[in-house]
Every structure is written in C-alpha cells, then in structure tokens.
Amino acid sequence: MSNKSKIKVGVVGATGYTGVELLRILVKHPHVTIQAVTSRAEAGLSIATLFPSLRGLIDLKFEDPKAANLKNCDLVFFATPNGIAMQEVPALLKAGVKVIDLAADFRLKDANVWEKWYNMPHSCSDLLKEAVYGLPEMNREKIKKASLVANPGCYPTAIQLGFIPLIESGVIDLDDLIADAKSGVSGAGRKAEVHALMAEASDNFKAYGVEGHRHLPEITQGLSTVANQAVHLTFVPHLTPMIRGIHATLYATLTKKTDIQALFESRYKNESFVDVMPKGSHPETRSVRGSNQCRISIHQPQGSHKVVILSVIDNLVKGAAGQAVQNMNLMFDFPEISGLDLVPLMP
Amino acid sequence: MSNKSKIKVGVVGATGYTGVELLRILVKHPHVTIQAVTSRAEAGLSIATLFPSLRGLIDLKFEDPKAANLKNCDLVFFATPNGIAMQEVPALLKAGVKVIDLAADFRLKDANVWEKWYNMPHSCSDLLKEAVYGLPEMNREKIKKASLVANPGCYPTAIQLGFIPLIESGVIDLDDLIADAKSGVSGAGRKAEVHALMAEASDNFKAYGVEGHRHLPEITQGLSTVANQAVHLTFVPHLTPMIRGIHATLYATLTKKTDIQALFESRYKNESFVDVMPKGSHPETRSVRGSNQCRISIHQPQGSHKVVILSVIDNLVKGAAGQAVQNMNLMFDFPEISGLDLVPLMP
Amino acid sequence: MSNKSKIKVGVVGATGYTGVELLRILVKHPHVTIQAVTSRAEAGLSIATLFPSLRGLIDLKFEDPKAANLKNCDLVFFATPNGIAMQEVPALLKAGVKVIDLAADFRLKDANVWEKWYNMPHSCSDLLKEAVYGLPEMNREKIKKASLVANPGCYPTAIQLGFIPLIESGVIDLDDLIADAKSGVSGAGRKAEVHALMAEASDNFKAYGVEGHRHLPEITQGLSTVANQAVHLTFVPHLTPMIRGIHATLYATLTKKTDIQALFESRYKNESFVDVMPKGSHPETRSVRGSNQCRISIHQPQGSHKVVILSVIDNLVKGAAGQAVQNMNLMFDFPEISGLDLVPLMP
Amino acid sequence: MSNKSKIKVGVVGATGYTGVELLRILVKHPHVTIQAVTSRAEAGLSIATLFPSLRGLIDLKFEDPKAANLKNCDLVFFATPNGIAMQEVPALLKAGVKVIDLAADFRLKDANVWEKWYNMPHSCSDLLKEAVYGLPEMNREKIKKASLVANPGCYPTAIQLGFIPLIESGVIDLDDLIADAKSGVSGAGRKAEVHALMAEASDNFKAYGVEGHRHLPEITQGLSTVANQAVHLTFVPHLTPMIRGIHATLYATLTKKTDIQALFESRYKNESFVDVMPKGSHPETRSVRGSNQCRISIHQPQGSHKVVILSVIDNLVKGAAGQAVQNMNLMFDFPEISGLDLVPLMP
C-alpha cells in the first residue's frame, strides 16, 4: 500500500499503557503512518528501548510535546492524564487536525459535573458540546463526522454495552441498575504507586471507590441519553489480580416479560466487536485478551425477574486503544475493522 | 500441657485443601492430639511427603479410612467430597464420637432440596434435623451442645455474616437481595480439572453457575431463618485469579433510615472473628489471608437507598477449616479462639 | 488472495495449548486454509465452543482423527502427545502429505536414546534419519526440502539459540555448559493434573526433573552436532508462576578472549526471529509474549571468564506453534515471516 | 507470662515489608513487648490503619523516629533503607541498647568495598568490626554475645546455607561457583516503582543486575571466610512473579567423590530452621511461605561431577524478619525458636 493512502497520526503521552497499546495496534494498521510520539518524561529516548516488545517494529524516539510537529498530523491521539488534552486540543482543531482523546477531558457534557468529579477547572468547556462520545455502537454516525472524539472509559464501555439493549427496549426498571465491575490492574495505569505493586495487588481482591468513581457520571450520562430520562445506577468497581480485562456483572429488574437473548442478538447482529454468546455462557476476560471484542451473555437465574448481564472486554483495547482506532477508522472512512483483526491471546 | 487435657481428633479425607488446612491449624492447637488422618488415594504415604509444608510438624501417615480407628477419637472432621460423610457419620455418632462435616451433607434441613441440588439420594436424612448449622455468630449456643455440626460453605459464611444484621433489624427489602461473590481458586478444591489449571485460571476472570449454585439454597435457608420469612436472593459467584479469599459484595434496598454502621458494630461487638471496619473502608482479601477473620465494611453510595456491604474471608479458614476448629472449640468448651490466633500473612 | 494460492492444512490433536496456538496463528495466515482439525475427545464439538477466543474466526468442528480426510491436505501438523504422530506419519508421507510434528517423536536421531527417555518403543525408527530437526536458524536449507519436520521442544529452542554462536566459534569449554531454564505453566500442557492447578503452581517456584529431563538429549544432540564433538550440559528446568514464556540463563566458560556481543550480532544479523539486544540488556519474557521472537542478551559479569547468556521465547510460539509455522513457510517457499508478524502483547 | 520476663523492642522504619513482617511475628512473640514503631512518612497514623491485617493485634501508632524513646528499649530493629541505621546505631549502643540491622549497613567488613557497592560514604566504619553477621548457622556463638547484629540479605541467606557444607568439607572447586537465584517481588520492597507494578512484573520473568548485585560481595565475604580463601562466584538474580520466596539453584564442581546427601544431613542435623530434604526432592518456595525454614535438596544429575543444590526460603522470614527474631532470641538467651513456630501457608 502506498503512503499516499495513509494518514499521519501522532500519539501524545505514549508512555502509559493506553499509549503503548495504541502503538501496538498502529504499527500494523494498513492506513496509518505514525508521525510523532511524544512524552515529556522520556523525550529523546527510543521507544523500543522503553518498550522492547516494539523492537524492530517502530524506529521513532519520544519527542517533547512542545517540539513535536503535531499540526502536521491528520489525527492526534491523546493518551495523557486527565487535564492535558483540554490544553492542547483547541489549537490542533483550529489547524485542521482531528483529535481522539483517550482521557476523560471531553467525556461529560456538563462542565460543572466534570469539574466536580475531576476536581479541576475545565479550560475549554465550549468544546464539550462539539465533542462526540466515541462509543461506536451508540454514536456511529456522529463519530464519522466528528473532529473531536471523547473515547469512552473502560468501565463505561463494558457497562453501557451491557445495558443499552435493555434500556432501548424499555423492559427494565431504570431506578434500580447495579453494575458490579471488576478490572485488571492495567486499568490503574503505568504509574508508580504502592497500591498497584505486585506485592500489594496480586493474590488479593478488593473493591474501591464505592462512594463514587469518576466513571459513574459518564455511565449515567450515556444511559440516561439512551433512556431519554434519568437512570439510577449503583456502581461498585473492584481491583482484580490480573493484568488486562474488565468483567461487568450487571443486575436489572425486568418490568416486562421479554426474550432478552433475542433482544441482544438483534441489537448487535451487525456489530463487528460485540459478540452475544449463546444462552448459558459465562464469558471469560481472557477470551478477549488483546482483542477489540466485547463478549456478552444474558442470564435470568431461576427464571426470576432479575436479569444478570455479563460483559467482558480487554480494558486496554475495546476499553481504550482499540476503540480509539475503531473511532479513527470511522472518522477517516476506513473499514471499521482495519488494524483491529486482533486474535485474542489464549492461554 | 499434658495430653490429659487434650482431645483426640481424626481427619477424614485430608488430601484436599480443607483437610490440609485443618492440619495446619490443628498441629499447633493446644487442646488437640491428631489421632488419625485418612485418605483412600494416599493411604500409607507420609503426610509430610505429600505436603512438605508440614515436614517436622506431623509424623503420621495417611490411613485407609476403613482401617483407621476413628471410633477411638473424641471428634472426627470430614473433609471429604459431598456424599461421603453421610455414609459414615451415623456409626460414629452411635459410638459417641462427635462429628464436624466440612462438606455439604448436613447443611440443608430439607432432604428433598438437598437431593435436588446435590443430585444424589441422601442416605441419612433423619440426621438433618439433629445437625446444627455451624455458623457460630448465628448458632453459638446450639453448637455448644451439638454432636453433629454441619460446617457452612465458604460463600454462605461471607454472605450471611454480611446480611444478618440488616435482616435481624428489619431494615431492608427481603425480596431484593443480591450477592455478587468472588472466590479464589482454592475454593474449587484440589482436584485435577482443566478449568482450574493455572494456564486457564490465572490472568482471567469469569462468573460461573449463574443459573444456580449449590450454595444458594444454603444461604437462603439461613437468611430466611433469621428473617423468619422467605427471602429472595440473586447470587452470582465468580472465579478470581488468586489462591485464597472470598470477597462478597452485597446489595440491599433500605426500607428504613438507619445508622447501619452502628448497627453492624453493635451486632458484632463481642465476636472475635468478625471485624466491622471503619466507615469508608474497603476490606481486602489479603487482610484475612491465613486467618479466621471476617472483615466487613458498610457503604451507602451517594447516600442512596442502596446499601452495599463488603465482606471478606479466607475461604479455607473462616470459610472452612478455621470455622470448623471454632466449632470444635465451642463443642468442647475450649476458649473459642484456641488455635485460631492466626496472624494474616501480608504481603 | 485466491484460494488457489493457499495450501490446505490439517491439525491433529488441537485441544492442547500448542494446537490452539497453531489455530490462533493459522486463522490469519495468508497462504493457508484450515481443512481439518481433529480431536478424539472432542470430536463433533465446535472449536469456538471449546475456545471462545476463536469465535467468529473459525467455523469448523473437531473431527475424529479416523474420520478426517487428512490425506487431502498439503500439510498436517501433529499437536498430539508423544507417541501418536509416529503411528500416523508413514501413511501420510506415502500419500504425499508433508508433516510437522510438534511432539517429540522425530526429534532424536537414535531410536535407542529415544526409547530410553520416552519410555516406549518407537514404531517407525527408520524415519528418524529422514526427519529434519526444525530449528530454522540451524537447519534452514534442509527444512526447505523436508517432507517430515520434527519441531523442536521449547527449552531446546531457547537454549540452543543461546549456545550456538559460542559453540560454532569455538570459544567456550564444551565440557562445562549449564542451562538454568525457567518455563511458564503452559509448557506442561492442557492436561488435568494436580501439580498444575493454579492453587498449586501460582505464588510458587520450583525446579523439577533435575535428575534428567527429556529435553536434555535433544539439546545435547543439537549442540554436539554444531560442535562436531560431544558436549556436556547440566540442565535444570524450573516451573515459573506465569502462563507463557521461557527464560534460559546459560553459563559457559570462555577459553578465548572474544567480543561475544559482536559474535552474536553477526551470527543472527539476517534472522527475522532472533533479536540480539544491546549490551547490558535483560530480556523479559513478556517482551516476546504472543510473538515468534527469541531475544538474547550477553553478559560477562565483572569481566570474568564466565559468560552468561539470557535467552527468552514464548514457549507456545517460537517454542512450538510459531516455529512450526516458520517451518511450514520454509517448506512451501512462503516468505519466512508469513503469518508471523505477531506483535508481543505488553503489558 | 508476666511482662517482667519480656524485653522491650522498637522497630525503626516499619512501613516496609520487612518491618510489617517483623510486627507480624513480634505481636505473638512470648518474650517481647513492642514499645515503639517508627516511620517518618506515616508518623501519627495507627499501624492497623496502614496494615489492616494487624487490626486487633497492635494498638500503636507510627511515631516519628526523632520523637520515639528508642533508648528505653532493650533492642531496636532497623528495617530502614540502607544508610539510615549507621546514623543512629552508635548512640543506641552507647545507651546500652542492642541493635539488629535488617539493612546492609553493617554486613560488609571492609568499608571501602561497602562504599563502592552502596555508593555512599559509611558514617561509622569503626563499628563494622564489632558487628556480627547474623547467620546463626554460621555464627551462633558470636551472635549470642553481640550488641550489634547485621542481619543477612535474603539471597545471601539462601545461597550461603546451600554452599556452606560443600565448602567446609573441601569437596568442590572454589573457583567455579554459580548461584542462579530467583526472588519473589516483595524482595524489591514496598516502594512505588514502575518496574514492580503488578502490570509489569506479573506473568513475566527476567534476570536483573547480572553485571553486579550488592549481595555478591556479601556472599563472597561469607563463603571466603568459611573457605579461608577467596572463592569465585557467578551470581545471577532473577525476578519471579510471586510475592514471597527465594529459590537458589547452586552449581558447583565436585573435586572429591563424596556422599553429599549425608554431608548436608550431618551438617544441619541440629538446626531448627534448615531442613535437608530426602534425595530426589525439589523444594518449593510455597513449602516455606510464612515460615522461618530453609529447605535444601541435593542433586548430581546423571551422576556427573556437577552438584546442584536447591535452596528455598521465604525472603521476608528466614531472609529477613524471621532471621532477625532468631538472632534476637540468641542475643537474649530465649529459646531459638521462640515466636518462630510459624506453619507455612499452603496453598
């Protein structure tokens, strides 16, 4: 394929797990040339030195974000901590560069809510309206036309994909949603913190943030939009001693007798990255390890009015970098699965 | 301490994890002499050869269950698969030997329910009435007088201890209980099965048995007894990539405004093995690793009507062998904590 | 690509880890059509039911090996336990089908040695001479012309690639080689065995087979051939609590002052799948996870006469299925890297 | 037991893993009252808040080291980073307080060597001569009379215990010792560092420090003292994805025909904490998890002149806190096993 048919992309903040995962996917993407990869902390270092898994696959060095010619890119991904992208995005958009932000800066529509949960002022709240929430199964047509995409959080991806068919079809009590979600440790990022040490996090299981996790307003915003009314969600995240993967166990109360299996199969039958499993299945996180799939199964234990939805993704792929590439494919009219034919690694 | 003040105990089926965990505790118990340890498969083998962790601590060999003089014991523990104890217990009881069954044979009061869930006929259903369900925090006085104790399952221990104060005080909706529970892999036992291989179970997370797990009728029986009416529970167990530990995340709907923290602290203030943690805590399974503690914390996310209880135990200790020793201590009028001053192993 | 340019392959015994790993690679191989996948135990079952990671990627069912039309294939892979391939291979070769055996049946040239180490009679020892040992970096030209390739073991791959440059150049004492090797648990296969349970193998480390492991004669045969004289190797394998990966730490005594770094770089400069890392590197197993790479680094601690070689592979890829595909590519004159452009999964 | 028969101990720097492990052991030690526990970073915090595993077992708060009345103690343990103890020890010794340093400050006899490997000036090199190296199996009588004990490193403990009988009996080539050692991640301490994150260290294996690790001069000093001549050791440490445990695989060349099994059994027959396993054994790290045991097995693969010694310890117990308590017991004439009757946690 000639370089003419390729777009030039930049990755800002590529030393974290979502950044290096983007690189893992982009180095094999048929329509992409990686133009610039930045890192304040590692500027000047060869990427393959920091990440030997990429030896022979990428020859670039990390550049200082100030020095990198990001405006020369067709698309820039931000894989930065929250609060960085919002500083840089306006200038890029003005220069005609499209942006996908993998952090949270543009995920919430209400700047006040954002500032409360993220505990900092929002520097470009006017862009919140323009930003498109990048969950393709919800917003595909808007994403195609977007210049600025807010890539969803990992929990919100797994949880919304599990609730959407139930909410769209109006068969559950919207005041009583529960999401008991379990994440692998890579969800905490590549930050030096004691609680994430292997000696602390392995052979251990715990909940965290039960009083309130930043993904809660993101999920309720999405589900309320689908429902066209407010929903009430109890969301309890847990840390699981594995590297990758999210398993969301969702509980809802049925208000109408429904063939839920058929409902899900119909809703997702044209989706490349949502796999509704046969009745009785229990999706495992490893069945999506390294891939962009979300696998879902539906249960009604003992035929009760409670429906239990199990939804698994790889938090770094469908929950971050893979979904970002899916959004890129939509924004540039590439086949939606380009670069995403990733076979899960099992065992 | 002279041997006169000690009782003689036998352990039937000691090659599984609950069996070897019993031995770990019993070799240091001040009031116990281990008299006989049986195993059909390993009869004749030195225990310390199979379990080198016990080298220097126990000199016995596994005996064939037929050959072992169990009737000479004061107490026999059954750490056997379901369906074995019920064959052997009547003769032991008749011989004046007390019995604690760590399997499920005597946990359910209704033989029909038992036979449905365990898929075999019950050979001594008349003993079901006599058997005392060995959850000391619920049945202490009965246990003291019991000859036959049915040691609770691991999930039921963690879940019932988390729900009991709420049910006793009548402050929740009994039709809408949810227990989302996560277990380490030792809960599956020391059986050669592909799904429990490290290459299958590590770096992976999944639910199982969502349609119905054998611990469900045990839990609902216990909670219904406490409630003095039927309760409805949705119970979803999950397999977690760690060796030991259960983390139960419990959801209930409050029907009365209550100081739940105070409620729990009051209910458990005299219990040696239930630790109500301060508000805002998130108990970790490793904080009880190797010990007989159950740690509980209470949450009301965003002040909603949903109460979230987090309850952790070591499935092999408070969820099996430790609780069995606690029951033994009650049955023989030893201090309840004898042999159970086990400091959790952290990290 | 039209089907005309593709070969038809069969996989015999595809329920083990090397089998499913072959499928993971082959479903994306541009020159291959998977014709038949067999399993005695799972005949009739859809492959994607047993391995949900392959849902949407393969539509076949496991066939009974007797029923499968393997003679219609261009190439058959045996991913069977030792002793199976030797029963089936002669008929396939006679029918003009090429064969790659991932088990040990054809790895040793001397049938007596084989029978001693594998503890069974060899049923077609006449083929041992014809079989080509499938380590491309050693035998590339022979493999290209081979009808029957004996795919190397996982330890032998990592260890031989680490010793070959030293032996070829005659700079070490051949009487004093040490290979201290560490393998992930998938190396033990997908067999239901107690010692491989997660509760047994995780959070644990041990040596095994110190008195003699079946890979020892395979390694010494290979190294002696390279040396053109007998070599003496002490080989100690260890089980490591991770799923994939082999890390071989090799010790040799230098007999001539040599620039070993340059020696290795020169020896492997044209190899696609051997990466000689910069001086001072410590290759990690995860840096090759899921890929066909072998990464090697060279050390001379404190400038002593001892050279320490560190060599890592993914035991299921370069140590099994990936190397088998590399051999297939050579046998059918496909580009050697076809289907093997696998980016390591990190983290 | 009355407080009169107890000594008062302090623990300086108790927020690391060796510190909290000391507390785990000391809270149950029959002859000890924990008087003061210090931490600069956590001064004022309740110990049980930071380490919930100790809830109900210790009521103290971390004190600022400046404020703590350590001179009132009979013994002070330093569980601090290297370079701290040497600042504080002289004043304590002058005040009549005995000291056990779990860091490296007093392990090497030669201040120049120390300063080279630890890369800082030594502030009280005159104490290096007085300090006793606290490996009881080597220096028991000296330890009994010591005021200042340098507690050995974890690798040095496992490695020296494995080599000592061979060296003492003069049966091996002292110019060709190899120690290939594998450590769990707790050996890296409770420090926030990216390389020790679970997402980095789990499901991964690597060597590190091959060019030179600080434990090398400590081991060679010890072994040379035993040998009464210089020894040459190649030492390669590796990081293993488990929490606790060291497995040392030792290689030596026999120069005399010897019954090595008998040699080891005889050397250690009176040692409470060294277990020479039967011939053919492969000690597992989990067989000593949480205990003060060192388990050793001896191999001569294929009857060659190479002897392979396998030696396992729990790095936090026999490799740190347990050995420190063993030294304390010797210094205060308590039974050597007081407080150390710790049964390994398995599984």
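Order of writing sets the chain letters: A, B, C and D. Residues in each chain are counted from 1.
Assume a contact is a pair of C-beta atoms (placed from the backbone, for glycine too) under 8 Å apart; a residue touches a chain by one contact, two chains touch by 3 or more.
Keep in mind the model is a prediction, meaning the values are calculated, not measured.
Asks: Considering only chains that satisfy the touch condition with chain B, which of them also satisfy it with chain D?
Replies: Output, common partners of chain B and chain D: A, C.
Asks: Going by the average position of its CA atoms, which chain sits the greatest distance from chain D?
Replies: A
Asks: Using mean CA coordinates as chain centres, what's the gap between chain A and chain D in Å?
Replies: Comparing mean C-alpha positions, chain D is 45 Å from chain A.
Asks: Any idea how many Å lie between the Cα centroids of chain A and chain C?
Replies: 36
Asks: Let me have the rounded angstrom distance from the C-alpha centre of chain A over to the C-alpha centre of chain B, please.
Replies: Centres of chain A and chain B (C-alpha means) sit 40 Å apart.
Asks: Send over the residues of chain A in touch with two or more other chains.
Replies: Each of 17, 184, 186, 190, 199-200, 202-203, 241, 243-244, 283-284, 286, 289, 347 in chain A touches at least two other chains.
Asks: Which stretch or stretches of chain D touch chain C in the complex?
Replies: 176, 178, 180, 182, 184, 199-200, 202-208, 210-212, 232, 234-236, 238, 240-245, 247, 249, 251, 253, 280, 282-286, 289, 299, 301-302, 304, 306, 308, 310, 312, 347
Asks: What residues of chain B sit close enough to touch chain C in their complex?
Replies: 17, 184-186, 188, 190-194, 196-203, 241, 243
Asks: Considering only the defined contacts, which chain C positions touch chain A in the complex?
Replies: Per the touch definition, chain C meets chain A at residues 17, 20, 24, 27-28, 51-57, 186, 190, 202-203, 243-244, 275, 277, 281, 283-284, 286-291, 295, 341, 343-347.
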